[in-house]
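Just below is one structure, and these are the notes that go with it.
Per-chain numbering from 1; labels A, B and C assigned in written order.
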Amino acid sequence: MANVRLTNLCKRFANGAPVLDGVNIEVPDGAFCVLLGPSGCGKSTLLRIVAGLDDATSGDVFIGAQRANEQSPKDRNIAMVFQSYALYPHLSVLDNIAFPLEARGVSRKERRARAAKVAESVQLGALLERKPAQLSGGQRQRVALARAIIREPAVFLFDEPLSNLDAAMRHAMRVELRALHQRLGVTSLYVTHDQEEALALADRIVVLSGGRVQQIGTPHEVYHAPANRFVASFVGTPAMNFVRCTVRAHASGASLAFEGGVLQVPESWAASLAPHDAATCWLGVRPTAHRLASELHDVSLSATLAMRVASTEMQGDYTDLHGTGPGGMPWTARIRSAHPVAAGGLVSLAIDFRACHVFADGAGDAQSAPRLCGGASTPALAQSPSFAPQSFAPPTFAPATSAPASTMEPSR
Amino acid sequence: MMAPSASRTAAHTASRDRAAWLLLAPFLALVVVFTLWPLAGAVLLAGQQTFGPGTSRFVGLANFRGVLADPLFWQALQNTIVFTLGSVLIQLPIALALAMLLNQPGLKGRSFFRLVLFSPVMVGVVYVGMIFFVLLQKRTGLINQLLAMLLPSWDINFAWLEHWIMLAMILASLWQYTGFNMVYFLAALQSVPSELQEAARIDGASWWKRFRHVTLPAIIPVGSFVVLLSIIGSFQIFELPFILLQGNAGVDNKGLTIVGYLYQTGFQSGDLGYASALGWVIALVLGVCALAQRVLSARAEAARSTSAPRKAPAPALAPALARQPSGGNP
Amino acid sequence: MWTFARMHAELYAPAVERWNAKQPTAATRIDLSLLGVLAVEQRMMSAFLSGLPSADLIEAERRIAARAFAGPIEAVGFLDLTDRIERDGLRDKINPSSFTPWSKSGRVFGLPHDVHPMMLAYRADIVEAAGIDVSTIKTWDDFVRVLSPLLKNPDGSRRDDRMLLNLWETQIDMIEALTLQAGGGAIDSKGLPMLEHEANARAISHIALWTRGASPIAAEVAYFDGTGHKLMRDGFVIATFAPDWMCNFWRKEVPQLAGKLKLMPLPAWDVGGARTSVWGGTMLGIPRTAKDPDALWEFAKHLYLSRELAQELYVKGDIITPVRELWDDPVFDAPDPFFGGQRKGRMYIELAPQVPERFSSPFGALALARLQSATSEVCAAAREMQATSIEPLLPIAREALRRAQADTMRHVRRNRFFAELSEQSAPAGGAP
């Protein structure tokens, strides 16, 4: 058992292009840490550096108290599970599992006994004499897991282990992995580009983009309090909607003005937004933050946005509306509705500010500009009497243009 | 109502068939004239005693009986097997070793070495024969001169082309074909799953274990194909001894290969039936080798199809995996 | 007409032109093509096997005879020229041994081009500097005895050694020439192997003694490549076998030897025995498929038997004509500066009548290969026992030849046609 600490880790390709740019991560002993990011963000490289398969250009890797930079992979007391399973094709399941022990000179008898035991623990007991070619994808990944477990390593490294499985199998394996981690309590580093997987498995998520850490936090933090616009847009399905707006701070609170309308924000945001009066920022609205205004009992209590629906996608419990929202931005709304919504029309959507965030508009790397306010700190929809819909509350209405607007209509 | 439409369809099909046959005709004509007909001729010929132009008689299997009872055939077969084993057992490991050296990541000048090692293949075998004929001469040959310079006890009259003709042939073909086989192995090494290599490194497997459990299984399909090619090529060796021995079979027939013997009987002695029988015996031996290769590589391929996808999630693989029943796929 | 040698093509061109100028119609004019030896062989055999026409005249080298003359007489691809030869009195005009390679059961299928008597070429500069007179050499024993003072490091130590004779167990042509000279050979007049002949045992025992015995006198110098030419120039061997055509080869390929070489007749096996042998040979044949054999026969005679060609053949090719009535031509008496001013044409002509007869057979190549194997066996024995004389080698040679003969006969017997034919023609072949 050991913690893993990465300090100032940098990796450049031979041509000088940076892959990792000053990464600092600490994974506590026994934690399940998921490295999440789009392809090319450097997460696999990071894992390979921890495994010792790649060298860092600069920075240090500590596994436990030991600086591991110069240790060969086999001396790092780690085990790795690969996307392609990486099973020895001509060895039986049992021999595959026992392989790491063979390399360590454990006697054949003991090897087989231990391998059989580990195989039993991952439900491979009946398949010991099969060759990998005779197994399903999930079974193969279990063999790979068993081969990692049998080493009793200080750290497990997973490189997108579930990517080659179909959805159902992926779900099942996710649960198994989680259970396994709870049983063994081994520090785990898990790379994936699948945010669902990350949210489901992790104690702690490290969101990476462009070789930099964007956020480290619990799944809850990463989802409900994304550190910046990148994290907000990357985590969550469908992706968060964004519209650029200008902060208007005034005595009674704050509002966000955008092309074609103004939105009064909750009181609780006002303090955070006050210093940014007149600055441009981004309002992020999760698709799940919308409800059809027409189906609310008390429309007067809610802030609303107008959206022109181009298409709809029935998903069962809910329906996804695609089209254009405020400022002419592409917009997606996920609503629960008993009635179908017709494509081509304009709908009024009530907003739940608990699923909205405001991000600064950074100069250089706009994506990593920090979050200003939003999320769960916002009072619940029903308890926000001040959020009078603009159409019914002229006093709070501050038109961005001279044209009266009953709702924030899409510019087109 | 149906009848006209059905007949139209039939006519349509017929004309399509005609077009297909018409388009196939040139190819079929070539195959029939240049492959099937000579093949049939060779079958008939093997059952005949020929004697000069235009004189022949059916003798049944007498030619085959003659071949099996012919000590020169057995000597030629033995020589050829020695040469084949020399080629396969010496040449291929060297080719594989060179390929693995060239496959090292970060090697500088890789394409230069590849070109240098491959280039002898571009030299015709006749030229290789002529070059080695000069190199391997007694007294005047560069190889004997060099060896005498390096080893004071070396006999400058060492007769490569007499009692050591097989060694000379193995050397010459080693020079010519190692690079060629190396290129095959180099290509095969690209198919060694890198994740498997890495997994083995993490598992602490030694170099030899990684070679045996990762590299070897992955290159077996190509490897067995290269072995087959080498065996076929070696079995058909003819030009090299023909040039090195100036058209003779060498001292005590030490350089007589099986195709060389076919040439001797068919084209020097004019016994075409006997030569045909010899040809069929060679074909039979090679057929058995090819069959063995197919069985071997099919087995290796079956074991390999496991090792799943490499790198990047390949969407095409997902259905393939999904199709496999979880109970196993014998 | 097809020929296979550049030199021939060059010599024939003027004669062909003269002939064509005299022809009233294009039908009898000759078109000369130069092809590689193998090309001539393959095209000729393809034509014969398929019964399709080829060139109307084909000049062929000796080694194709085995295949071209196989089978029954009436199936041979070449026209039987025997009657024409008799009618035109060529039988007596031409050296008899020149006919036999192109004959089968007494029938002749080609007009002979040459005689190719064989002498020994020796390094006169070295021999004469040592004060040795080669005219005292009558037999092979004399040869070894008289020249042995010239041997250097005969124990096989390196680089600066010198041998007396260019001869090796791999030189099949030389083995054949020496066995023929001794009165043996590989094939008898019926076309059957005759490897067990005592003369063969004697010849190959000597070859083994000279090359592999306790005190060897012979080593190998390749005839036709640069390494051999180098050794010739270095004087590594004193004497080399030299049929008439070889003189021309050296003249062109190794000009550095000019003035250093001289020729002497082969030493005989016994006092009074033949002083020459034979190597190589060419014929001109008319395929059966030719349309106008009579005109072609006239042209063939015009080409091969004319005095002009005989002169050019010698002047440009060092080859003496097989036509006996032309042997008095003064061109053969000209001193040759390349060979120290010797009148070598006359020397070859004087040996021509002694040239041994050789016969063609489909089993010729096989018999020669077995003869070579037998020689190698005796050589190995000579080396092992450090032989100092041929007496212990003779029984080994006889045994090796007996096995070689048996091996060859196995193939002969397998050929049912040949067995039948040789039974039929055996009595007839005796009276030509």
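One rule holds in what follows: a contact is a pair of C-beta atoms (placed from the backbone, for glycine too) under 8 Å apart; a residue touches a chain by one contact, two chains touch by 3 or more.
Please read all numbers here as calculations on a predicted model, not as lab measurements.
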Item checked: Most distant chain from subunit A by Cα centroid -> C
Item checked: Closest chain to the centre of mass proxy, which here is the mean CA position -> B
Note to self: Centroid from C-alpha atoms only, then distance subunit A to subunit C, rounded to Å. What do you get?
What the structure shows: 94
Note to self: Need the CA-centroid distance for the pair subunit B / subunit C, whole Å please.
What the structure shows: 40
Note to self: Rounded to a whole Å, what is the gap between the Cα centroids of subunit A and subunit B?
What the structure shows: 55
Notebook entry, point to check: Quick one: in the complex, what on subunit B touches subunit C?
Noted result: 49, 51-55, 57, 59, 62, 66, 69-72, 133-134, 137-141, 148, 155-157, 161-162, 245, 248-253, 264, 267-271, 274
Next item on the list: In the complex, go through subunit B and note every residue touching subunit A.
Entry: 193, 195-196, 198-206, 209, 213-214, 217-218, 300, 302-311, 313, 317-318, 321-322, 324-330
Checklist line | Complex contacts: residues of subunit A adjacent to subunit B | finding: 51-53, 72-74, 78-80, 82-91, 99-100, 102-104, 127, 130-140, 147, 151, 160, 163-166
Margin query: With touch defined as at the start, can you tell me which subunit C residues reach subunit B in the complex?
Written below: 45, 48-49, 51, 63, 66-67, 69-72, 75-77, 156, 158-159, 169-170, 172, 219-220, 222, 225-227, 230-231, 236, 362-363, 365-366, 369, 372-373, 376-377, 407, 410-411, 414-418
